[in-house]
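Chains: A, B, C, D, E, F, G, H, I and J, in written order; residue numbering restarts at 1 for each.
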């Protein structure tokens, strides 16, 4: 399995041992579970209070760990440039298949620019369906128009 | 600029010349604009009736074109393995940064499996916001649990 | 040799020392040997009972190991993007040579869509033949038609 | 769309225009439809008689085309090293996920060696299923044990 | 030499033939010369009036060309993922050598986030120096703090 | 997280523990903070005096460390050829989007040659702005005209 | 230097210490020296008796090592996809330069098919020559004609 | 199919039309058929007399073609860095599997150096065998010891 | 064969037809033959007078061609990132094998910095030797010390 | 920093500690400093006497180390296929920019063949120059004409 930072492994182990879900952490911290998972995988940085709440929920209060969770991380958590894990690969496939159509629709709706991946939120919801539950992923980012100068 | 199939260029040119938007096509065809854009970029295949509606809205009725839009295409519309266009690249960035956190949350919510990218829909919405409009992208796919045998 | 997860090495070593074959495990667990091998290589996740049966057959009963075998793994077990091991490479070659012809035949038989690699089974059989035994690999997956929206 | 050899495009166009399926060609030629599709995509070479039967079924009898279909082709029909088309990519995913488990099972059943991709057949079948039809792909190749010298 | 869009070649040829510099265009259009060059290379989109001013300065007034310059382009103008042209490669080298140090300094000054490459300007100045003139490149982008949710 | 040389980790840890900023080091050493960060990341080499000042500011005086900071390093601090960290990736994006336009402007202003990345300085400034602070990066390098021979 | 499996390093160290050549092993085992070297580099698997002879010649008799040498290995011993070692690279160069010509000659002599790399032997001989000794490498593999089905 | 130089296509077409084999050319030119195939694929350069003999045997005498066959070509005839054609790929596989063992044997027999791929010959022979004919490929190159200076 | 710019093909054809060598051009232009070859391959730019001398020596005087030879080109003349042509590959091999040793020696002799590839000359000489002539390549570039700031 | 073999690190550390330069080693061993650096980086192999002289100059006499320096190494000392260190990258740039021109000049002077990188020497000299010292690198290799057969 892939090498995650030591702190990630430590938090995930505590989370597993205590039987705490990301949804539990969402309630304890007051932030979305995807964002909290991102902090744990060291793809996002918490502020001091948020870090303490995460650690406290996991029974891992520590100044050192708090500090580590507040540091801006080096982002990008995948080993190879094209991911092999089927769940993650599907994002890559979506980009390959729907990238150009979505680009056209966005430009038509908004003009030349992009959806920010920084001023951005990502929610994951379960949509119950008798024919098989569905995963709904809602990505929302500020539209950034290209500046002219 | 990239080489799209001839039919894509023809349809986009007609669409531009006539000043028809994807939203107009959505009304004319009764399908979502992202899906229609995918048909035009030859990433999805329409049935005969849908193809005729698209072509008719663009003033391009033709048996040959109808046939071309109904054929299952060779999918994957990007030149290079990692896209350079900033709008499309952001999906790649999202996968790199949020791939692992989302994977964890999905497994916790659903078990081992994936979100289908085939039994799948993709909507793009404009969320008006005084601090700057936001792009909302809603991806929804059937959860496919890994089969055991 | 490649780095597999520690648990994989532990199980394979026990399997070897005890002289247990995958076919033996198939009988003990009531699941196909390829699927069991996938669990051992941490490419598939077992449920608790299945994990216990595998571990018990190998004389390795343990709560910790049971838990590890039930976790959804990060999948994709090969080091380099194009495998160098000749047995595994042949799949890559088959995809390169027969990919397009098979795509055409599947689309003709089923329409636009794919064979699922998730709702999917993979069997390996030995076909005895006086001119040299043959390997038969039977892959079967649900046909997933592209959804329109 | 990808560039296939001119003869491939010509044969596929004729096939489409005449409404002939690969299954029809299978009957006309007395060879499996996947193999025939491979000849058409110039991934396999026919003998003179087979080539004539294929061309005749498509209404394209010609000495030149016959000759072209009998020539050993330069094989490997995909543009990029990792395919982006979702149907074809699934083979790549199967190799990434099940490559090592299958390797272990084959070695246990047969010893050190490989499944030939040359002395090899590939069948595609439709398995009707009320919960959704299934694609069955049967690959069978001679087991080639490593020679010692 | 590399393939640029037809309109790029046409505009550069006219610019050369007329002996017009980017600095001249800067005066004619009232926009920075780097931005104008980006429009000409189809990496940025002008509005109608800007497009007309550029075309008029080059003696190429045309509705078709105006329209082409106002379309959001598919961006990323380099052939290979790592550029071979020495002038352009130096940016890559700067990123490789100074990327991490700059990341640290930015995070220290601004917190976790990035410099936008969309709400962004890029100026090129000549700094005269008796020991050899110097190229000054000033990149300025809005700081985008990572959003939490 | 990425593997930096041991000395980098040691200096960053001391810097963090003491709460010293790069701006503090700038004052202590009399060199720009970006350059000092480059020395710490082992992308640049200090002379003995500069090394001692850096180490002394961090409370890490040592002959061994001094020596290590004065050695010309093997440069290039990023793991993968195309960086995944969003802040660093933006340089790559800027090169992809603005590389050709900037090349044209530089050649027009200076003739055939390049901006040196060796006889080169890199400053990072914070530009306060009520609509959101801006990051200004000023790169300046000697213009090197191609020599003829 | 590259990472070989532990057993490879152990055997090569013993071979070196004892001053035993591959030619000596050839005599002791009754197999070609290239094949024996392949077993030692864990690219080929020996049977029990052969493994014991190799180990015994090296003074390393051991059941564990015997077992390790009889296991089908994960093959492909090079780090990077295109080798940098000049001796090994020459094979790559030969394939690049002579690949197509040899393909044509083989097809003309044998029809459509390949030279097996499994039912295959590889001999290395020294050809003494006053103008400089020559390396002769004789590769011989069964011709495998493509099967039709 | 791959793009070969125009002269290659012209010569191969003539060869096919006249039903001339490489073995025929070997007799006509007095050079080995693999070398002649290399000249035709523009991987090797002939002298004037050899070029004329090849062209004359194919009924294509021409000063222009003679000149083209005598020019040192840009070598390397394969599209992708790792070949997909199964016959040519086997060389790559042989290098991956037997590269290190052969390197060890060569160094033991000859010292540090390489087998030249320039002062080099490559023969292809058919070895008849009742169990299936075999392809023998004999590569012979001058041993080049590393020079010290 | 590779695609060079049209002007390169035109000049090389004229050079061949007239039987003019690079050494002849060296005399006619008063510049080194390697530099002149670089201009012809559009890797370097001449001034007007030099361009006219080159064109005049080749009997191709033309204002258009003169202009084309004076333009700063997009540099980097090789198709693939690692060259396959054996003569050009040897530079790559030299960099792989001798890169680190040379780096150490240069740093020891000059301090931290590089040899410029811009303020740079490249000479090729033939060294006659009874044991086989030798190619001498003399690269000389200004040492550029890293600037501190 | 990159991982070099243990012996390389040991020798470089001793060299540094004793303040011995490559030039000192050149005198002690009677071989060129670049070659000696290549032995230390394990890119070249010394004979026993040379190894002893190098080790003795560094105060590291040892039979084990002597043996290690005499072994033909696995060559190619760089991590990534395209080097990121600016000094080493310049060789890559030179190959990209001047590769084709030099190829043309060499073929014109010598015929079809290559400069050997094995029967090869590489010297680095400092050329003092009031406008800035220059690095001169002299590469000389035997011309190897392509053999015909």
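By our rule, a contact is a pair of C-beta atoms (placed from the backbone, for glycine too) under 8 Å apart; a residue touches a chain by one contact, two chains touch by 3 or more.
Chain by chain, the UniProt names read as follows: A, B, C, D, E, F, G, H, I, J = Cyanate hydratase.
The structure displayed is predicted, hence computed values, not measured ones.
Considering the contact criterion stated above, the chains in touch with chain E and with chain I alike are F, J. Identification of common neighbours of chain B and chain H yields C, D. Repeating the E-I interface with over half of its contact pairs identical by residue number, the matching pair from A-C, D-G or A-B is A-C.
Interface comparison, A-C versus A-B: the higher count of C-beta contacts falls to A-B. Between chain C and chain G the centroid-to-centroid distance comes to 29 Å (mean Cα coordinates, whole Å).
Inter-chain spacing, taken between the CA centroids of chain B and chain J, is 54 Å. Per-chain Cα centroids separate chain C from chain D by 23 Å. Shown for chain G are the residues that touch two or more other chains, namely 34, 74-76, 78, 81-86, 93, 96-97, 100, 103, 107, 113-114, 116-118, 120, 122, 144. Annotation, chain-chain contacts: A-B, A-C, A-D, A-E, A-F, B-C, B-D, B-E, B-F, C-D, C-G, C-H, D-G, D-H, E-F, E-I, E-J, F-I, F-J, G-H, G-I, G-J, H-I, H-J, I-J (touch as defined at the top). On the chain F side of its complex with chain B, the touching residues are 82, 84, 86, 89, 93, 96-97. Here chain H touches chain J in the complex through residues 31-32, 34-35, 44-46, 50, 72, 74, 100, 103, 107, 111-114, 116, 118-123, 144-149, going by the rule given at the top.
Across the interface of their complex, chain I is touched by residues 4, 21-23, 33-34, 37-38, 40-41, 43-44, 75-78, 81-83, 85-88, 90-110, 113-117, 120, 122, 124, 126-127, 129, 131-144 of chain J. Across the complex, chain C is touched by residues 1-2, 16, 80, 82-86 of chain A. Those residues of chain E lying in contact with chain B across their complex are 5, 42, 67, 73-76, 78, 81, 117-118.
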